[in-house]
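Two complexes follow with chain A in common, the first pairing it with chain B and the second with chain C.
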Partner chain A sequence: MADTSLPQTPASESASAAPTRREAYEARLRRRSIAVAAVSSVGVLAFILFLVPLAPGWNAVQRSFFNGDIFARTFPGLINAFLLNVAIFAWCAPIIAFLGLAIALCRDVRAPILFPLRMFGAAYTDVFRGVPVILVIYLIGFGVPGLGLPRPWNSPYIWGSLALVLVYSAYVAEVFRSGIESIHESQRAAAASLGLSGSDTMRFVVLPQAIRNVVPANMNLFIALQKDVALLSFIGPVEIFRQAGVYKSLFANFTPYVGAALIFLAITIPATRYADYLLHRQARRRT
Partner chain B sequence: MKKTLIVFAASAFAMSAGSALAHEHGTCAAGKTLEDGVLTIATGNPAYYPWVLNDAPESGEGFEAAVAYAIADAMGFDADHVRWVRTSFDEAIQPGAKDFDFNMQQYSITPARDEMVDFSLPYYTSTMAVLTTQAVVDAGLAANLQDLRGALWGAHATTTAVPMLSEVIQPENDPLLYGDSTDVTAAMQAGQIDAALFDLPTALYLAAVVVNDGVILGQFPAERSDDPDQFGLLMEDGNPLKECVDAAITELTDSGALAAIEAEWLQEATGVPVIE
Partner chain C sequence: MTSEPTAKLALRGVRKSFGTNEVCRGIDLDVAEGQMVCLIGASGSGKSTLLRCINLLEPIDDGAIHLDGVDIAEPGLDPQPIRQRIGIVFQSYNLFPHMTAAENVMLAPHRVHGRSKSDLKTPVTDLFERFGLGGHREHYPDQLSGGQQQRVAIIRALAMEPEIMLFDEITSALDPELVAEVLDVLRQLHRDGMTMILATHEMGFARELADKVCFLDGGHILEEGSPSELFSNPKQDRTKAFLSRVL
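Up next, the complex of A and B:
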């Protein structure tokens, strides 16, 4: 891994000294590009804010999608329904992380006798990455309870969550596997020369590095999961997407969907930025 | 020769008088439809029994299909000048140009919806009915509000059953909501919900055909909800055709034709016990 004891950037050295000509030139260049960026952003915003409302159908669109009155009446209900999304996400995410890692390890076993495990891992990821999430949710959410399970074991929350877990752990497993494969073979050789067993090598040498390498990629998957929780609404749970649909039908207006989108963005934009930050930090460490 | 000419002239006169009459009948809608001389009617995709039989509105079979042709006739369009298109609920309420003159798929008239779109006068007033299965009834679910509150409820999310559930029944557990009535019945079959609320004709169909051992527990009297569930034709807000459609529906209501169509296609609706 990256050696953090080396000086990372020359910036700290020059902070105390007076700016060189080169630094002054770079600062000027930076100011210029900020100004250009500001002018172009304002121009584009003005274009959108002034020209779009001139479209002949703008009033109708505004009334159907950006209706302040309906927004105010439905937003609290949407926030309330969003709590269910958060809850479903909260109990699915750790299971997905755990199962994903287990599947990835299945695909990496090297003992010939454990070949069936490898086969299982490959088949699992192939199947669940290849099927649309909504199909899995329908099949498991309605199909399994249809076998005649008693309550509360036929709850759509249980089986819908399981469907999400199955699909997403397949994706997460592939990300983990890419992380495991990114660790150079020499690391395993070095561990072996130290006398570590195969499982100890995996546990103390490969996984700590592999997992750290794929945290940003996994963050992206969990952001996607946060949005796909809404698909559970197809089998009954009234989470934010369904609640917005109910409001839409009551008011014959699409504004509640815009409200739901804003709530999703309030969660996913910070999460995406955080993933970007992690990715950036990782890239810096590697150099 | 002269005689035939007279006959011809007379018949021509009669014909022109007849067409003048029909024309007068149809003047209201003249120039107000999407395509001149053709009435474009939208229905669901698919359109469900008993509103439209066999998903084929062109046959005029099923309550809404029959009403549609009766309204078209009263507006001066014969069956050959009626065109059918299919839309979802969302397509019907989206802003922008519509591809139908009016949309007919059991739209309940509500004041909130009326602010965004136009509704015709009602062509049908429905009660809400409780659909459940024999197994649930055997397990002790009875048709009183006390029992119904304790049940696990399901409903089709885009229907007025949803506000009715929360206002009238006020179930102890949050109801589960689905995207269409097929999903509601799938959940009922899987034992995930005890009961579901539908308009009576839909409930009767689902109980008889779709749900295994489906039964109708009872119907809520129309006055139970704040405003009874009335179905209207949905039109774009400010559609000038509305007055013609309303005139046609008034004519059909007054003449008893609407009641006759209802009796023909929705006759089973009587005789379902009422939940007090």
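Up next, the complex of A and C:
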């Protein structure tokens, strides 16, 4: 935005005057790029819209994936099921943020007596970043209820959520740690020179800046979490992915999956764009 | 043979290396109460390192740093209570960017001395007024000019009521027109009797106000004396060469 508006400012100032040679040249370049982009986009769209339907299997694919009738009948149910995804996300996210920060702080302690904590932090992040999410969900989601716990402690909601919390806290912890390490040593020196204790320095000087710096990076993780909630379907909860599977079996049609994908995109695209915007703004502020 | 030092601050044989790079090679320095001592010398001569050592931000390898006759460089001593008695201001201000000017100043007195924020309001407001920043208390560092930020950094150190203030080339990062406002603050502090050590490139200022000027070269204090002696009549060739370059 800013870089396109910049060269226009002198032009608008001298609106009455003829454009300079450079302005004329840049305007020509701009017109040319727009024309090329337009032709190329129309070409690709035409290919998809006109040529793909010519494929021999197109009618079958259209019937089973892009069936308007089935889409209309299943979409409200999918939205309803998606509310469960939102709920699982909503209770996992704050726990993950809190636990992630705690683990990151574990890895930063210096006192020798707390060395086990440091070791625990390192081991935790290594283990849970090194195992596929679905594997943790299976192991915890099937394993713990297998202990024969009474209701409600055998609920897949609890243990599935725990699996997500464990895995995502490890990633969030690493992001927090990189944020802590990004704070320049001179900030700690300034705090130390004022006689602030190590924990006060962390709490009042380092953490507030570190957390702010890693908001965009953490947002990307939470967008990934929103998608991975769907993995809980493998151990029971009827969230949107499983609901789409139920509809698929009911109607012998794949359109509900497309509907589910659209619902995810409606959430994740704006969120991703927002995270990108935050990252971009941050990068600009640092220069 | 170490005679018991009587100065407010006395350095004896201070040594500091970073790896194989020996930055301080046995530095002796006496600073009397209320004195302003200026450290001059080329970049890399050890001025900043020496100040960071006095503030215990860098542990020294050998020697002693006596504050009121007590060696504060004794290994194993808790540096925190000592740092509260020695304030330092850095070249790059090092203000906390997420806090307003007033919050920057109040953080340490509030957390370390346990004074309530309402108690601090009056003395902190007075400090801001005294150094011409009355209207900037609620501004964030990035809303202030370099000279204003540096004055906030000085106020932040002063708010801990230190007995000695260290200034590490505090005007080096400033635009020339902003240097004067910061030097004015130092002038004021000197008048009020603050004991201070400055690492500085402002020779005019050193000549005007310093009680003692020390020329650092190759990790030693090569020559020291009153500004009139050292600037007008340097004895060492290296001091002469340095002064002819910077004056």
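Observations on the structure shown:
We take it that the second predicted complex is superposed on the first by the 254 of 287 C-alpha atoms of A that agree within 3 Å, B and C clash if a C-alpha of one lies under 4 Å from a C-alpha of the other, contacts with A are read in each partner's own complex, and residues count from 1 in each chain.
One rule holds for everything that comes next: contacts are C-beta pairs under 8 Å (C-beta built on N, C-alpha and C of every residue); 3 or more make two chains touch, one makes a residue touch a chain.
This structure is a prediction, so every number in the text was calculated from the model and none was measured.
Counting the residues of chain A touched by each of chain B and chain C gives the higher count for B. Touch criterion met: A:Ala192 reaches chain C, while chain B stays clear of it. Once chain A of one complex is fitted onto chain A of the other, the partner contacts of A:Gly77 are absent, as it touches neither chain B nor chain C. Look at A:Gly146: by the touch rule set out above, it reaches chain B but stays clear of chain C.
Put simply, chain A uses no single residue to touch chain B in one complex and chain C in the other. Taken in their complex, chain C has these residues touching chain A: 52, 55, 57, 79-81, 83-84, 87-88, 90, 92, 94-98, 107-108, 111-112, 156-157, 160.
Of all residues in chain A, those touching chain B in their complex are 57, 60-61, 63-65, 142, 145-146, 148-151, 154-156, 233-238, 242, 245-246, 248-254. By the touch rule above, chain A contacts chain C in their complex via residues 186-187, 189-197, 200, 204-205, 208-209, 212.
Of all the residues in chain B, the ones that touch chain A in their complex are 89-90, 93-96, 110, 112-113, 115-117, 154, 157-159, 162-163, 174-179, 183, 186-187, 189-193, 237.
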